[in-house]
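You will see two complexes here that share chain A, one where it goes with chain B and one where it goes with chain C.
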Partner chain A sequence: MYALFTVYPIYRQFDISFYNWHIFPGANNPFMGWSNYTAIFHDPVVRTAAFNSFLFIVVTVPIQMAIGLFAAAMLTDRLPGSMFWRAAVYIPVVTSWVVVSWVFSYLFASQGGVMNAVVGFFAGHTVSVNWTAQTWTANMVIWLLSIWKGVGWSFIIFLAALDGIPRQLLESARIDGATEFRVWRHVVLPSIRGAVTFVTVLLVIGAAQVFTQIFEITKGGPYNSTQSMMTYMYQQAFSNFAFGYAAALASLLAVVLFGLSAAEIRILRRQDL
Partner chain B sequence: MASISLDGVTKVYPNGYEAVHDLDLQIADGELLVMVGPSGCGKTTVLRMIAGLEDVTSGTVKIGDRTMNDVAPRDRDIAMVFQSYALYPQMSVAQNIGFALRMKKLPKTEIDRRVRDAANVLGITDWLSRKPAQLSGGQRQRVAMGRAIVREPSVFLMDEPLSNLDAKLRVQMRAEVARVQQRIGVATLYVTHDQTEAMTLGHRVAVMRAGQLQQCDAPQALYDRPKNMFVAGFVGSPAMNLLEGHLADDLQSVTLGSQSVPLPTGVYDRRPQLRNYAGQAVIVGVRPEDLHSPDAGRPGVDIEGVVELVEALGAELLVHFSMDARLVQSELSRHANESGEEDIDSEQVAVARIEPGHVVRLGERYRFRVEPERFEFFNPTSEDAIWG
Partner chain C sequence: MTTAVEITSPRPHSGLTGLGPGLFGIRKRNRARLAVAIGLALFSLGPLLYMVSLSFQPNGGLLGATVLIPTHPTVQNYVQAWTENSFSRYFVNSLIVSIATVGITVVIASLAAFAFARYQFPFKEVIFYIFLASLAVPNLLLLIPQFLLMDRLHLLDSLMGLILLYVASNLPFTIFLLRGFFEAIPREYEESFRLDGAGTLRVLTSLIAPLSLPALAVVSMFIFSAAWDEFPVALTMISSSQHYTLPVGLADFIGVHTVAWGPFFAASVIATVPVVVVFLVSLKWFRSGVSLGAIR
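So, the complex of A and B:
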């Protein structure tokens, strides 16, 4: 099963990346050698997409982790009402990417959007910013949605990790004279290092593959300025039918992600938090 | 160096459960006071209130002359050894021991010196670079002690520190704890549910039950003059046998089931108030070690029972026997029965601890020699000892 559904598709993707491949059965698929790969390094949209993907990782991953950890720390104790707040933080995770992407599109719509109404209220006059039509505001909307929807996942992992710290360890540190900051620095963070590694690696892998929210909100526009590696790959494959080129992009992304994950695990394991 | 003083301390949890009720207790500087009692009696709560890990609902906790009710744990100058040792898993033994000193921002050379000193005292210098996961239970326990003593605290708190060790190691570490406490010489509260630990370690022992202090006294005094049936049943192993009895109108004897046991006047000399119970029910307490084989040549009177079980422990025989007098179950043996820890139903049987070498057969009627002067008497309603 593993060979059929994992090994073969990976091999096939790698194989296709060396051809000018057509989806039609029996079509002529000329062998291209490494030319799909060399083309990647000369494609300006790939540079934009790679930069956007990198920026998306750098912005959304630390913020998601910080908010998730903060919320988990606040809601670790089973105080009255904590179950409500735990559910509130986690609920966005179970919503549909497509649906919430549309909801965010409406929130940030230039005409009748809630965000323009809010900004207009504070500005004192009518505002009609076209949030999703400008590169940086569109990126911001995508980041915001991704953080909002993703925080609950890291929250739940951190909550479980914090719950697993023996209470006596924290009490012992407090008695030993540690301030709350030092309790976190010397006891809590080292105790949840495994969870931090896990969340970092998976969030980075997920963020590098950001697709749905960009596809639904900006389609990579305006003028490819919000493309990510995945949306560009999709566009190449299913709009431009350049399957060989898309497969080369996918292979390259897989190699980069594999290297990145390995490096993260090594760094986080070595680091004495 | 300071004393600990609890004045009218009460702890009520938000759900209304009163864990500690109006507790007055003083622990002198240098004293080792052991607080003992069954699970849920509030002893750990008391310790945690002194440590500042639990709020005090009412009353005052003082260390030295300073009221500590609203002082954070880190500012109380206390050291605590936890049941689970609470060693920081990612730190080496040396880092664990020196953690509190690092928090005080002492110079590194000073920290190293004090860690080495503490390690020397506890004989753990060879393990300083190891992580807690590489240590056995006994070694971890020593590290936890090292972490506490290195601080030179004014108060030492220990929460069942030996309960995770096996029986042999526990005896060894008990001596170690006593030695270390004597060496550092600060007021120490040691919490345990093990009465043997309490009796062997404590300068004084405080017995708790359901949040209330039952008696606080020197171990021998606790054994000799238990204030009530609970303390009598708690202190001593096996526990004191508590039998329903009836004092004769003429005070000459007490009836235990169908057996009448003559009481010499010496019994009343020690407790004149017992005379007020003429013709009334009393609870008679007999320690297992006060019951002897009739062949041992001791003075006294005999009481008879049917042997239900004989446990030969080498140095002594534990003879479990039934008699027709009703036994009053102590709270602890009730608990042991409920949790299935006892092999036989202790409601039905008394225990005698007799010298080895006597032939005691299962099922036979056996006569046990006892000196009635050794009996304890309790009011069956209030459960208080009849003294004075």
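So, the complex of A and C:
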């Protein structure tokens, strides 16, 4: 089953990417060689989409991990209402992307949105910023939503990792006169390195596939300026029916991601880190 | 886990602060941590509480609703959401797809994980690493070939097809987590069980499954919430509205009625409740079940 629905499609992906592919049965699908790939490098929207995806990874992954680790450090030891706080931090993870995309759109609505009311309160006059209709403010809304919804995931993994550190280990380091910073640097962080690697790799893979929140909030607009690799691929395949071109995009992204994951694992596994 | 630390700690009970040294030494800064916890909870739950609040406000007064407590609470939005747009059908579709995905994935993954944990067979580790490597293959990048495959199999626009794709995409991670958990179960239990004449199937159903209940509960929660929330694949594979799942239905809803925020948020709340309930129920097993230790 796995072979049928995952391994075979991987092969098929590369196969299709060399054709000018049509979905209709019996259609003539001319072999294109590498031309789908060369076209990618001349497509300005690909450049925007790649840049946006890259920026999305660079912005959301470190912030999610930092807040997740911070929250885990705060909630790992016993605290009144421990279970409640932990559940609260994780709940955004199980909510639906479509739902929360619209909740955030509403929060940032140009007319009567909460964010404009807040900004207006501090500015002293009413403002009506159209957050989701301008490239950079729209990107910001998308980042904020993604961080908000993603924190809980790295949180529970860091929580499990921090729970597993024997507290005596920390205690003896402190008795030896280590500062809090040194305890974290030399005892805590090395103990959770596996979790850090795991979270980094999976978050980057997830972030590179950012789709629903962009599809729902901006549809990639205005003028393709908030397009990500996935939303652009989707548009090419299922709106423009350029399946070969979209498959080439996907193949290229898959290769880049695979290399990226391998590099991350290498760097994070290094003993001297 | 921390319980071991707490038991061996010489420090006595000190009210709410728990036992023994914590991550931050003896001064555990409980008050500061509590303040941070409240902040985190507000950050996480705020937007959702706002959504709940909006769903109870009359649609007309919605834009500009910056108050959290509705002044004129109404359930009109819920009535409208549930009766219009065949929303109840999307809800049932999502239930069918999510429950079937959980059931099939857990059964297949348990069998596979048990084989990986207990048996030797040719290329065992190679096969396992191929599974693992597929965690690094972004699922969405397979959208196009999967679409063409489902077209060929005549499973486009069918819930069955959607279930098959969800099962396939959830298998690797589930097998990975369960293998670690099964390996931690001492073999001696199994041997004494087999001495009493139990076959492999009995071992699985009467010994391994009850012992792994926490792990099975937690992976079921992960799979359920993934299937319940999944959007891009469903959007691509499902074309007729009678087969929409909740995310696709909700996205369609907002497209048709761009101004009907009240009913939309009511529908969103209805769509969010089941997955939150499943999560809260699974919390009971989280502590012992998340053998995320396998990751460390």
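Just so it is clear, the second predicted complex is superposed on the first by the 271 of 273 C-alpha atoms of A that agree within 3 Å, B and C clash if a C-alpha of one lies under 4 Å from a C-alpha of the other, contacts with A are read in each partner's own complex, and residues count from 1 in each chain.
The rule is short, and it goes like this: contacts are C-beta pairs under 8 Å (C-beta built on N, C-alpha and C of every residue); 3 or more make two chains touch, one makes a residue touch a chain.
This one's a predicted model, so the numbers in the text were calculated from it and none came from an experiment.
Novice: More residues of chain A in touch with chain C or with chain B?
Specialist: Greater contact footprint in residues on chain A: C.
Novice: State whether A:Thr179 touches chain B only (first), chain C only (second), both chains, or neither.
Specialist: It touches chain B, and chain C stays clear.
Novice: State whether A:Pro62 touches chain B only (first), chain C only (second), both chains, or neither.
Specialist: A:Pro62 sits against neither chain B nor chain C.
Novice: For A:Thr76, using the defined touch cut-off, is the partner it touches chain B, chain C, both, or neither? Pick first, second, both or neither.
Specialist: A:Thr76 contacts chain C only, not chain B.
Novice: Could you say whether A:Gly259 touches chain B, chain C, both of them, or neither, answering first, second, both or neither?
Specialist: neither
Novice: Touch test for A:Pro190: chain B only (first), chain C only (second), both, or neither?
Specialist: first
Novice: Using the superposition on A, tell me which residues of chain A are in contact with chain B and, in the other complex, with chain C.
Specialist: 166, 168, 171, 174
Novice: Which residues of chain A touch chain C in the complex?
Specialist: Interface residues on the chain A side: 1-2, 4-6, 8-10, 12-13, 16, 23, 71, 73-81, 83-85, 87-100, 102-104, 106-107, 109, 111-112, 114, 117, 148, 151-152, 156-157, 160-168, 170-171, 174, 180, 188, 192, 194-195, 198, 201-202, 205, 208-209, 211-212, 215-216, 230, 233-234, 237-238, 243, 246-247, 250-251, 253-254, 257-258, 261.
Novice: Inside the complex, what are the residues of chain A that reach chain B?
Specialist: These residues of chain A touch chain B: 166, 168-169, 171-179, 182, 186-187, 190-191, 193, 272.
Novice: Quick check: in the complex, which residue numbers of chain B touch chain A?
Specialist: Touching chain A from chain B are residues 51-53, 72-74, 76, 78-80, 82-84, 86, 88-90, 99-100, 103-104, 147, 151.
Novice: Which residues of chain C touch chain A in their complex?
Specialist: The touching residues are 1-2, 4-5, 9, 16-25, 28, 30, 33-34, 36-37, 40-41, 43-45, 47-48, 50-51, 54, 63-66, 108, 131, 134-149, 151, 164-165, 167-169, 171-172, 225, 228-229, 231-232, 236, 246-248, 250-251, 254, 261, 264-265, 268, 271-272, 275-276, 278-280, 283, 290, 292-293, 295-296.
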